Amino acid sequence: MEPSTIARLRATCPDKPGIVAAITNFLYSHNANITALDQHSTDAFGGTLYLRLEFQTPHLDIARPALENAFASVIAERFDMEFQLTYAADVKQVAIFVSGSDHCLLELLWRWARGELPCRVAMVVSNHPDHRENVERFGIPYHYLPVDAADKAGREARILELMDGVDLAVLARYMQILPPEFVGRMENRIINIHHSFLPAFVGADPYRQAWERGVKIIGATAHYVTAELDAGPIIEQDVLRVSHRHLVPELARAGRDLERQVLARAVAWHLEDRVIVNGNKTIVF
Amino acid sequence: MEPSTIARLRATCPDKPGIVAAITNFLYSHNANITALDQHSTDAFGGTLYLRLEFQTPHLDIARPALENAFASVIAERFDMEFQLTYAADVKQVAIFVSGSDHCLLELLWRWARGELPCRVAMVVSNHPDHRENVERFGIPYHYLPVDAADKAGREARILELMDGVDLAVLARYMQILPPEFVGRMENRIINIHHSFLPAFVGADPYRQAWERGVKIIGATAHYVTAELDAGPIIEQDVLRVSHRHLVPELARAGRDLERQVLARAVAWHLEDRVIVNGNKTIVF
Amino acid sequence: MEPSTIARLRATCPDKPGIVAAITNFLYSHNANITALDQHSTDAFGGTLYLRLEFQTPHLDIARPALENAFASVIAERFDMEFQLTYAADVKQVAIFVSGSDHCLLELLWRWARGELPCRVAMVVSNHPDHRENVERFGIPYHYLPVDAADKAGREARILELMDGVDLAVLARYMQILPPEFVGRMENRIINIHHSFLPAFVGADPYRQAWERGVKIIGATAHYVTAELDAGPIIEQDVLRVSHRHLVPELARAGRDLERQVLARAVAWHLEDRVIVNGNKTIVF
Amino acid sequence: MEPSTIARLRATCPDKPGIVAAITNFLYSHNANITALDQHSTDAFGGTLYLRLEFQTPHLDIARPALENAFASVIAERFDMEFQLTYAADVKQVAIFVSGSDHCLLELLWRWARGELPCRVAMVVSNHPDHRENVERFGIPYHYLPVDAADKAGREARILELMDGVDLAVLARYMQILPPEFVGRMENRIINIHHSFLPAFVGADPYRQAWERGVKIIGATAHYVTAELDAGPIIEQDVLRVSHRHLVPELARAGRDLERQVLARAVAWHLEDRVIVNGNKTIVF
């Protein structure tokens, strides 16, 4: 199966009988071959249906725009449905933001180099100059944007300019505030890794907070960025058992392994169009 | 949603385009409301498709036998499909077998009493007399069948007689051999809990084997029983971290918690018709 | 090894060289045989040392009170040490409090019946009458204390009276407020199970809170009770992966298994004198 | 605390009263400051005692060789004890072997670069030329030793020559046989990562074996290499839940993350002298 011929449909609508039959019929009638189908209904009577389909496009009898138009008029309108049709061949442009710690950055770059992240890493942006060599070795442009209190507006403008055409921004332990305008226009397309099991330990220095509370397990959380700090829809979390032997530096060291894994999984799922955002929650198919 | 109106379809067939559309159309046309759908294809081209659907029956326009006949002729024949239609209202009759250790038995009985296991526990069979009081308190008949070398045939005949009408046998740490005739006729309807991470440590005394090998993690495995010891299709496994501080008795004690959870999950999934057996493997939807 | 001949020493003092040598020498000189030793120092220079020793008493050359006095004057004074000497033969008296849900209560009773919890369950106290038969079957007195708004003082007095001689109170999903006087005098001797991964989801209905926040993992926390709700020293936590398929009732059902395990582990560790409280944190050896 | 002043004692002897007192006294009398102490006894009466101590050396009143001699004559002889005294200042020389897959190699190099692995990576040896650039960037020599059926002896001789002075060899997914003479002289100093939960799936293609058996969990195992394939003492294992959706390539991809973590932990523990080998098992303190 050629990855470049995979298409994905994500849809959300009020649940009622006949939706899956209608969609699968529609696609079958256009010679699409469905290779995966996941659905979730919050309630069979009066709930919301979330649905994700993967299908193969080689034998489609119509062009993509026509398919989308037909789906909109034949299916979406009938069922009051929101939907997104995406194609693996439209490779997503990704920008990675990083500050001083390189463990999440390198994890993403190495996975990408091994073919585990289906995207184009368009650039790395950092307020630190240190990662340039490690990034450029992969043939990826590195933009060093130092924080300059005297020219906040200029730095923000530069970020907005760079982000033109970017489909996904990944904050791989990035400790600066993003331009609010950028956050506003990239809804559900900026992924952050927070080094705690959210909603515990929002904000600064979560490993210190965890140590002070004496938890027996630490966590990491990948979530979409919203205007409110550490409060966006959670995509993935994972945890690790710790003990009294872990002081703050040991928590931070152990946590690095968690952060890398959790962020990498969330980014991969986003790139494969597996995530549907439902208010402040996600459904990951 | 009334549990008693849920129906489930499990189907297996060569994968090709149009199957899901055909099935969902068929059910929709008979006023069945699909509330869950899972599918898995081993390969979109030339693979095998496994599918499970849950649907609601209150508004069905035909009786169950007619539905089954129609499905067989309209769908199954066309796609060379094996299928099973089951109804939550047909409550499964379950027999639990147990020897000396009561932890798995009690786990199942208490979950059943809390409504977590949708079945009727028809009886408990044991080669030990000890559990009678604990079982009969739940209003469940207890059959004490001591092992009698002089009357093996009589004991086997008694078991076969008791099992008449039983849909599922659960070996909740049962240490005796079942009559081969019974195993033969109950394919994929006898669940055993083995106290190791199979295929490691097949056979007797797996905690001692685990201790001798010096593993850092122990496991438990719930599987369907076949003629070959501990080799049947695996339904569920789980594991637990241990250390050098765990000698054999500590492994056995820690393992009891695993065994209870793993067996209870496997039994619940079987009762909800979530398991499709594929050769020596299972698909759990 | 006879359990009844085990003694345990827990000690806390400013760390400096020679402490372990002094303690082990002292015990050796009195014919105590050390069978386990754990220590933790927050910092080798200027930190605090936490220490737990298990030793065998059959050949002690002095009586227990004399041993304790000698240890106090020879060791504890020299190192500015707080310590507790406990003997497995002094079986702890335990009271279990429970409200409507019986899963934690039954887990504790069954483990106790299997010899996994070294204590005497002196009584079960409940504001519900329903669990009487299940408790009395174990030969344990059941005290039904209905909540009576008109006689709060009387109920509190009755609890205080019952608790006379109790070494440990376990809140096995107990939804009522305990008398503050009782909480005050039982510092680090009341264990509660909270059905969330604290400090996330303090207070009422944590499964609903977890569902609303869209977490991908739920947890349970066993902690000592303090005057502040859900804020006492954490003894044990564990977690479970969930998905969008888990609505509030499914979270609650899955969480029950967590709660049972986490509470049972915390209670066992307390009974074996493995827990040292350090401010608002615990060290579990 | 200066890492370079840490010393570690690992000792094994028949258990009897007075050992810990004797050792801690001995060290205290020479002004060593004990900062960690772990012990494990297989049985308090007639068992074997395993013990690990960390202590600080700045104020030692005798030179290291004298300390070792004194310990041998005063303590080890008295208790029939085997022991090893090691010093963090004696940085271990490590050789990493790798074949085609670079994920374990890079994991080790990056952790080493971050200061997580206290050693000197003396060289990387490979039967593939591909990793040279990635290795040499870290300033580490890369030895490409192609497999040459016509000159097996020459290749083996070259490996033996290179290994002169190496304290630890790490097989980071190395698919060639090591010279038996090398394996013989490096007892408990060669660590291999096997991509299964040993003892399940010994030998070639364990992910395929796992898929064929239909396990629900896969694992990875780090162990010391012995003459017998995949049968040496296990240092660390970890596992990952999988499902029917994981075919062999998906198992291999998911397993890579496990392999990296498990190998890195085992190597770190070895470098910190935390592992005591006991026959075919390990005690990890």
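Labels for the chains are A, B, C and D, by order of writing; each one numbers its residues from 1.
Quick note on the criterion: a residue touches a chain if its C-beta (ideal position, glycine included) is under 8 Å from a C-beta of that chain, and two chains touch if they have at least 3 such contacts.
Note that the coordinates shown come from a computational prediction; the quantities given were computed from them, not determined experimentally.
> Using the touch rule from the top, work out which pair, A-C or B-C, shares more C-beta pairs.
Of the two interfaces, A-C and B-C, more C-beta pairs touch across A-C.
> Pick same or different for copies subunit A and subunit B, depending on whether their interface residues overlap by over half.
same
> At what distance in angstrom does the C-alpha mean of subunit C lie from that of subunit B?
Once rounded, the distance between the two centres reads 37 Å.
> Averaged over CA atoms, how far is the centre of subunit A from the centre of subunit C? Could you give it in whole Å?
Centre separation, subunit A to subunit C: 42 Å.
> What parts of subunit C, by residue number, touch at least two of the other chains?
In subunit C, no residue touches two or more other chains.
> Could you list, by residue number, the parts of subunit D that touch subunit A in their complex?
Against subunit A, the touching part of subunit D is residues 103, 106, 110, 114, 116, 137, 253, 257, 261.
> So in the complex, the part of subunit C that touches subunit A is made up of which residues?
40, 42, 50, 197-201, 212-217, 219, 233-239, 243-245, 247, 278, 280-284
> Going by the contact rule at the top, pick out the subunit C residues touching subunit D in the complex.
Of all residues in subunit C, those touching subunit D are 1, 17-18, 20-21, 24-25, 27-28, 31-39, 41, 44-45, 56.
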